[in-house]
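Look for chain A in each of the two complexes below; its partner is chain B in the first and chain C in the second.
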Partner chain A sequence: MTVEELTNINSLINRIDPRVKIIEVFFFSIVVAVSNSLPVLLSALIISLGIILTAGIPAREIFRRLVPVNIMIIFLWFFLPFTTEGKPLFNIGTLAVTHEGLIYALRISIKSNAMMLMLISLIASTPIFTLGHAMLELKMPRKLVHLFFFTYRYIHVMDKEYIRLINAIKMRGFRPGTNLHTYRTFAYIVGMLLIKSFDRMQRVRNAMLCRGFKGNFYTIRNFSFKKIDVISIALMIAILIVLGIMEWTKITYSSI
Partner chain B sequence: MHISEGVLSPAILTGGAALTAIGVGIGLKSIDYEEIPYMGILTAGFFVASLIHLPIGPASVHLILNGILGLILGWKAFPAILVGLTLQALLFQFGGITTLGINTLNMALPAVTCYYLFGWGVKKSSGRLIFIITAFAAGCCAVLFAGILVGFSLYLNGDAFLPAAKLLVAAHLPVMLIEGILTATCALFLRKVKPELLESYYG
Partner chain C sequence: MDKNNLLINLTDISFSYPGEPEILDKLNLQFSRNEKIGLMGPNGSGKTTLFHIIMGLLKPMSGNIEIFGKSIREEKDFIDVRMRIGLLFQDADDQLFSPTVLEDVAFGPLNLGKSKDEAIDIARKTLEFLDLAGFEDRITYKLSGGEKRLVSLATVLAMEPEILLLDEPTTGLDEKTKTKIKKTLRELDLSYILISHEFDLLSEITDSIYTMDKGKIIFDKEVHLHEHVHAHPHGSYSHEHK
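And now, the complex of A and B:
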């Protein structure tokens, strides 16, 4: 597992308050999710592309991060153009590709990529722990956010444990294959991981209680509302209103 | 299988989010503040374990583990899975923000269902055969239900998704068998090495 954070300190959107960013990405995603007309979705895609460019992430990295979303989208492309009812455009073998089907698949592809680009620009400009603190400030359930903190903190620790187990079986000449022995070995690894996390959590809990843990986290970084936040909120509201109006009035081009 | 952003209609996303909110609420209610650090570490353990890829013929599948998660955590599987999926979206871009609700529901509801259906058998006190059968069934059914739920949420989107949904459910069948074997073996191992984990001491 490679978990690298992509925080680019010098980018413009890095300076926006994380709380503002979370809210903006959230509402942007909702507006895109409910939109259906192609021009609206295309504009959303262009806007999210523009925003991610200001985040200063290398293009290769962006493509790499878009791969998981598009795997499902490609899967759907094998079906939707054929299975959506509508007027047939052309045939592949005995299957007819419909106009509506193509548009539908295209719409989904643009939608998911636009939303994903926005999400990537959020994480690329905010460390995960800062996101957690922002979630607390946004009054999300405290227990849930704390669970988020601890899980994130210990993913790395558990991953190291996992790598140790894998190295141990490799040294003993283990080769994975499609057989019961492989599955049993992996079952034991999963079991061992759970046991290790269980033991560790008891030690950590005791240590924390000894140090007077009362369920609070303190941060030295306080969030503050700055001019750039006001500007970004105003911009985002304007964008969302324009997208909303375009969707409402259903501006369509006869060509598509 | 995560459903990507932008695929499902808003009604399904909202419904999924609402049901997940209820499940997470029930789960969180049973967790004390002091317990959270350790829930987190266990969730991290599951997170890492679910990234393991197993070979199956020429391809490989990754583990879902919602069966054993349900057996150990019960209703707490909801918050654990929600946090896991949030981190997967943030770190690897699997799934997404608007689909968090429905994706959590699709994984966690089968986990809780299996907890109620088979949890009674996966105990230290039950006989070895019963133990193996119920653990196997929990692993199998959790994946099967998850596959059906994913397929069903796609199907709700429109008839055009039906063939894709059917294929998805079919693709879950071999995974289901592997998860069943894995869950049974893993549960047996835990019973031998760390029976407390299975004794709802934690769930």
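And now, the complex of A and C:
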């Protein structure tokens, strides 16, 4: 597992102020989450696709990041078409697939993917730490942001530690199987990782105390509001208004 | 020993980790300005523990700590101590937690109350001093072991400490990085205590070498029977050259 940053890509989105990006993704997600009409959701999906394409993220990377969400969605497709009440479209064995069920599953799929694409373009175009500073600037709870910082910083160290342990057991001929020995070994590894991360936490805390840490992180980055930010905000507001009009005035839809 | 120059004065310090025998047993240490001392001793003999007690990270069971002429008891006394003594940790991964090098080096100065611009300025100068110019935006966890150690040293030096406590600063490093650290320490006009298992290193950049044994610090005459060439500023103890 590696947490890759794709922030070297020099795209338009890269240059937008991270605070602006966070706010935009936030409101976009809210509008998408509460919208129900398919044309609105489809437009949102197309818009987010368009945005991610300008971010210059390799297609492979986009797919890789979409996989976890869509695995969950596959399960929804197993259940929702059969369990939602409505008029039956056709039967699979003794189970009836309903029109409403299909639409429901489709809606969720489009919603989640549209939001994920937006999030990916946000995260992939902003260094994680800058994102944290931006969150602080937006007055998000300090503790939460610190948690976010440290999780990100030490996830690599923990990952290395984990790989070291796994290598150590492999080196001594360990092959996982369905037996007590395997379960015990994995339990040891998890336990070891917990203890080691606790120890590390204390050492990091000590190191911070030694450098005069008093509970504050000072940012050395300056955020500045540029022309491109104004343009992107204007665009996002326009998009959200159009989506809103489509959703709530129901001009576009008749039958769905 | 001039009283004004006495920086660290530990008397009868005892310490033990829960459920273990005493690792420090009525330890005494007098450390004066401009002293550069080396500390040797087997693993687990309490060298790192001693450093942590000086910095107030561990509380001794008994004994007195006097630093910069003041008796130090509580956490708030140590806050001042930590601003004036720099501790370089054994593991650089513990020391570096900011994502970029510049942010990590600026962290200490910012905590000292420096403005953003001053802190960045100090950080850049410190990096330059250690030949690390150009490292500012490097990601800390992606640095090599040697680079991590040098950046850790930079984070400590950026706070402009009066005393350095160095916990095995050269362990596991290649010759080039070792030489760089040695050179840096020689150039700095600082008092320091250096823990190391490498006698050659200690004899090169410290004035006297002590050993930790049975929870105490002892001056080991045996150590000085090795072949070595260096000045003995104190000159009072017996030693032989082969």
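Convention: the second predicted complex is superposed on the first by the 245 of 256 C-alpha atoms of A that agree within 3 Å, B and C clash if a C-alpha of one lies under 4 Å from a C-alpha of the other, contacts with A are read in each partner's own complex, and residues count from 1 in each chain.
The definition used in the following text is that a contact is a pair of C-beta atoms (placed from the backbone, for glycine too) under 8 Å apart; a residue touches a chain by one contact, two chains touch by 3 or more.
Since this is a predicted model, take the numbers as computed values, not measurements.
Student: Thinking of the overlay built on chain A, is A:131 touched by chain B (first), by chain C (second), by both, or by neither?
Tutor: first
Student: Have a look at where A:120 lands relative to chain B and chain C in the superposition and call it first, second, both or neither.
Tutor: first
Student: Once the structures are superposed on A, label A:186 by its partner contacts, choosing first (chain B), second (chain C), both or neither.
Tutor: first
Student: Does chain B (first) or chain C (second) touch A:209, or do both, or does neither?
Tutor: It touches chain B and chain C both.
Student: Taking the superposition as given, does A:40 touch the first partner, chain B, the second, chain C, both, or neither?
Tutor: neither
Student: By residue count, which of the two partners contacts chain A more extensively, chain B or chain C?
Tutor: When the residues of chain A touched by each partner are counted, B comes out ahead.
Student: What is the contact status of A:104 with respect to chain B (first) and chain C (second): first, second, both, or neither?
Tutor: A:104 contacts chain B only, not chain C.
Student: Return first, second, both or neither, reflecting whether A:218 touches chain B, chain C, both chains, or no partner chain.
Tutor: Second partner only.
Student: When the two structures are overlaid on chain A, which partner does A:197 contact: first (chain B), second (chain C), both, or neither?
Tutor: first
Student: Looking at the overlay, does A:31 come into contact with chain B only (first), chain C only (second), both, or neither?
Tutor: Neither partner.
Student: Please identify the positions on chain A that touch both chain B and chain C, taking each partner from its own complex.
Tutor: In the superposed arrangement, which is not itself an observed complex, chain A uses residues 128, 149-150, 152-154, 157, 200, 204, 208-209, 213-214 for both chain B and chain C.
Student: Taking the complex as given, what residues does chain A use to touch chain B?
Tutor: Residues 1, 3, 25-26, 29-30, 32-34, 65-66, 68-69, 72-73, 75-76, 78-80, 83-85, 101, 104, 108-116, 119-120, 123, 128, 131, 141, 143-144, 146-155, 157-159, 161-162, 176-178, 180, 182-184, 186-191, 193-198, 200-202, 204-205, 208-209, 213-215 of chain A touch chain B in their complex.
Student: Taking the complex as given, what residues does chain B use to touch chain A?
Tutor: 2-7, 10, 13, 24, 28, 31, 33-34, 36-49, 51-52, 54-57, 63, 65, 68, 72, 79-80, 82-84, 86-87, 89-94, 96-98, 158-164, 167, 178, 181-186, 189-190, 193-194, 196-197, 202
Student: Within the complex, which stretch of chain C touches chain A?
Tutor: 52, 55-57, 79, 82-83, 86-87, 89, 91, 93-95, 97-100, 102-103, 106-108, 110-112, 116, 119-120, 140-141, 155-156, 159
Student: Which residues of chain A touch chain C once you look at their complex with the stated criterion?
Tutor: Residues 127-129, 149-150, 152-154, 156-157, 200, 203-204, 206-214, 216, 218-220 of chain A touch chain C in their complex.
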